[in-house]
Amino acid sequence: MSLSRSVAPLAAGAASRRSHSGRLQAWLPKLVLAPSIAISLLFVYGFMLWTFILSLTNSRMLPSYEFVGFAQYARLMANDRWWVASTNLVVFGGLFVAICLALGLLLAILLDQRIRQEGALRTIYLYPMALSFIVTGVVWKWLLNPGLGIQAMVRSWGFENFRFDWLVNPDTAVYTLVIAAVWQASGFVMALFLAGLRGIDDSILKAAQLDGASLPRIYWRVVIPCLRPVVFSAVMILSHIAIKSFDLVVALTGGGPGYASDLPATFMYAHAFTRAQIGLGSASAMLMLGGVLAILIPYLYSELRNRRHG
Amino acid sequence: MYPFNISFSKTALVLATTAAASMAYASAQAAEVEVLHWWTSGGEARAANVLKELMEAEGYGWEDFAVAGGGGETAMTVLKSRAMSGNPPSAAQIKGPEIQEWGELGLLGELDEVAEAEGWDALLPTTVADVMRHNGSYVAVPVNVHRVNWLWANPEVLAAAGVEMPTTLDELFVAGEAIREAGYIPLAHGGQAWQDATVFESVLLASGGTEFYQRALVELDEEALGSAQMIEALETFKRLRELMDDDMSGRDWNIATSMVINGDAGMQLMGDWAKGEFTAAELTAGEEYLCAAAPGTQDAFTFNIDSLAMFRVEGVEREAQQALARLVLEPTFQEAFNLAKGSIPARPDLDMSEFDTCAQQSLEDFQRTAEEGGLVPSMAHGMAVRADVQGAIFDVVTNYFNSRDMPAEEAARRMVNAAQAAL
Amino acid sequence: MDNVIRRRTLGARLGRAMLYAVLLLAALFYLLPLAVMLITSVKPLAEISPGTLLSLPREPTLAPWAKAWGEACTGMRCEGVGVYFFNSIAIVVPAVLISTIIGALNGYALTKWRFKGSELVFALMLFGCFIPFQVVLLPMAQTLGWLGLSSSRAGLVLVHVVFGIAFTTLFFRNFYVAVPTELVSAAKLDGAGFFRIFWRILLPVSAPIIVVSVIWQFTQIWNDFLFGVAFSAHNTQPVTVALNNLVNTSTGVREYNVDMAAAMIAALPTLIVYVLAGKYFVRGLTAGSVKG
């Protein structure tokens, strides 16, 4: 990085005539952070606490404060739809993260082979990240609908027996969510990996080549291990996308057929807002937050530990 | 909103009385109502526009707040958010038992003055008036009465298959088979939970009768919900799936209706808002499309009443709100709106000659069933039970309908649980 | 790295062809939805039928775009998505600016002016990135009511700033951590103050991460639907809400071409930003998150 070069003269020029206004200076960083801290405390933690309190009440259409203990959690555990939604999240999240990583890595490696028009291809792979599913949901619904989209198109080319009806099949509807989500995020992961590849020191590779290692072997043994930090960042970003997935389900399957492709985020929304069960919805939100914590804690741990090392 | 207009207020007043009331000056001066609704389809919007014009003719402003999507689900989210922030709209499209829930929260304003001046007690059928009242006071005003248990059909498709309009469930299956053999989709349907429930309640009404419907889906009687009759209704309901096409998942109801209009499908079980689509396609009732009570439910009428609930507001806005409530029941609006929407007016004293044969039959059946019994609230459309129970029943119905292997007994058992779900 | 495949043997050429084939295939997969949107949006309604998603329009027309922009109806309003487009701009611009500035100052304070507990503060704030937004809808509505900001654009700006600073702080913190602390220490010894150091030392090198923060926030806020629908009134709705209204507005024949044109209009700003600045986005993002 060219940081040190461009910064050095500035630092030298920053010699100040002013005396230490020490106290204020010591407090300024905290003062600058104070509003953000206050905002976090109120809008994130305050609201979480509020949600937790609501999950202990029998709030229905609007919040009320009639406490029922953990009854809402018990109801949630007995709710078939909640289990479907949770299982779906595991299936969807697992496949989504795995496919995005695999596809992203593959495309990044291929793009790193001195490709003509690399910039254009990269933009094409990356652009879905710019679009919301509110925008692309209609198209995806079309493409995946057997009567209107890909199935109809391929059949009209003469392949009468072609079947692609995942969207309307309760057993496979959740996979259509995976397709659309992978489409959106895998290009982004590709870009992360590509940047990671470019950051690897050439001399390591040269050395490996001189040792006579084959190309796939070099990648497997040398390059991919170097990308571990990227994998880590990508997994974090992807899993938070997976947990938050909401627009996707609403736009693509509406949770259907039946509630076969429901996810916790849509479950929570449906119960808290459509079905006047804010108590139950809040309980499901707390469990979702628990899931988020399970992912976040290792991330934070590693972030802060890294920092101590660096 | 337009602060620079304040200095013109006197001029505005003069203008408002002399010139067209819909001019910009007047609307800045006069009180406004903000109306949250999801009447977004072309016909509905045109009909609601009549109400807007009536308001403006009296010098009130109308702020249109339409939120489309999911049968009002999104609009309800918006409404809750607005209510939580202490800034509800003047009026919102709320119906059925939900009016009571909003009333219990103390958020609705009463309309008793208007109701008395206009004689609503005499004007409205008791069934309708009961829904509009909370603690004895009117808090909402009915816009229309929909009938849910309708069967719609394309006569050309029926003719091609050589069948008549079915009047019993057995005939429906026979006709369906014939239509399929003639190369059409027998029953147009959209695989969304509320549409599944709409079909289900009509089937249950046909196979179990009014009394059973009342016990099971209105009173949530556990014995009825788990009974052999329920299992039978569920099994019949599931058999209907064979009459539908494979691509129905997630399809909007009006797309399904357009399949009947285009002659791709023969029939559709849907409430009479479907007629709005036929009307918009400029088809004539009884000739180019057919309507009949859902097979086996000729002596029943599942009603779905759209209404505008009035939130507690102050001052000039309240004045405008009261005017809105009065105008909703004006014959001009009732007629225009219901002609477009496919429903019948909430007040039965209107001249029905402008309406088509389906609407006339609907009104006749409404009055007949009100007297003889058979007038029941629609569960699928939130008229019978509260939103949480309704949601739980939807889950069972739609899951059973889409599942490959769930036995009807299991669905009935879950139905009992669903009814208990209300904490 | 780049010169791994170099030898021009027959096998290598074949491999090269395969390489391009795979890359192009992938490109088709990514382009498919956009292509369908674009093609459909310039087709007359009569040409749209099942199975013809990708056939080119025989009589291309821009009428659907014009209609989507200025005429298409939702409820009684027939003003298209154009008006709401400007609503979105009015919300996005201040929200992006404010959250980026706050994020930059936070990141700077957290890395160059560490104090006891500053890491805890960072950890606390980071959690805001991951909170599912449905959870905060109702309490946020109530808070906005208390603040007198309900259903206003200012309210929406506030919401987006509140839930955006977690991300912007993360970006800037991870970036500034890599900026040599010696410079800052030297400046401190010279008596330079908090803002002066930020202005003279950090800000000049911040261009890559500012790009990241602006693009990220712009995309997030522009594409937001949930907050936009829940916290707006009839005249403050952002374009995504208008699009959703339009697409779900059902009238006899569904005008798919107008729907698609409206979707394209709503997508255009973020699309352009990604195409023009995507390169810097990824570069800046990895500069922070990889080396962090």
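The letters A, B and C name the chains in turn, as written, and every chain counts its residues from 1.
Keep in mind that, in the parts below, contacts are C-beta pairs under 8 Å (C-beta built on N, C-alpha and C of every residue); 3 or more make two chains touch, one makes a residue touch a chain.
Protein identities per chain, from UniProt: A = Sugar ABC transporter permease; C = Carbohydrate ABC transporter permease.
Predicted model only: the values in this text are computed from it and were never measured.
> Based on the averaged CA atom positions, which chain is farthest from chain C?
B
> Tell me which has more C-beta contacts between its two chains, A-B or A-C.
Ranking A-B and A-C by C-beta contacts puts A-C first.
> Can you give the whole-Å distance between the Cα centres of chain A and chain B?
39
> Centroid from C-alpha atoms only, then distance chain A to chain C, rounded to Å. What do you get?
Roughly 14 Å separates the two chain centres.
> Where in chain C do residues touch two or more of the other chains?
Within chain C, the residues that touch at least two other chains are 137-138, 244, 247.
> Hunt down the residues of chain B that sit against at least two other chains at once, touch-wise.
Each of 70, 77, 80, 84 in chain B touches at least two other chains.
> If a residue has to touch 2 or more other chains to count, which residues of chain A qualify?
Where chain A meets two or more other chains at a single residue, that happens at 62-63, 147-148, 269, 273.
> Quick check: in the complex, which residue numbers of chain A touch chain C?
Residue list for chain A touching chain C: 1, 3-4, 6-8, 10-21, 25, 28-30, 32-33, 35-37, 39-48, 50-51, 62-63, 103, 107, 110-115, 119, 121-132, 134-136, 138-140, 142-143, 147-150, 152-153, 155-156, 183, 187, 191-192, 194-200, 202, 205, 209, 215, 218, 229-230, 233, 240, 243-244, 246-247, 265, 268-269, 272-273, 278, 285, 288-289, 292, 295-296, 300, 303-304, 306-307, 310.
> Can you check the complex and tell me which residues of chain B touch chain C?
Per the touch definition, chain B meets chain C at residues 34, 37, 39-43, 45, 48-49, 52, 63-70, 74, 77-78, 80-82, 84-87, 252, 254-255, 258, 261, 277, 280-281.
> List the residues on chain C that touch chain B in their complex, please.
Within the complex, chain C contacts chain B at residues 73-77, 137-138, 141-142, 144-145, 150-151, 229-231, 233-235, 241, 244-254.
> In their complex, what parts of chain A are in touch with chain B?
58, 60-63, 68, 71-72, 75, 80-81, 141, 145-148, 165, 167-168, 170-171, 173, 253-254, 256-260, 269-271, 273-277, 279
> What residues of chain C sit close enough to touch chain A in their complex?
Where chain C meets chain A, its residues are 1-5, 19-20, 22-23, 26-27, 29-34, 36-37, 50-54, 102, 105-106, 109-110, 113, 115, 119, 121-140, 143, 162-163, 165-166, 169, 177-180, 183-184, 186-187, 190-197, 200-201, 204-205, 219, 223-226, 240, 243-244, 247, 259-260, 263, 266-267, 270-271, 273-275, 278-279, 282-283, 285-287, 289-292.
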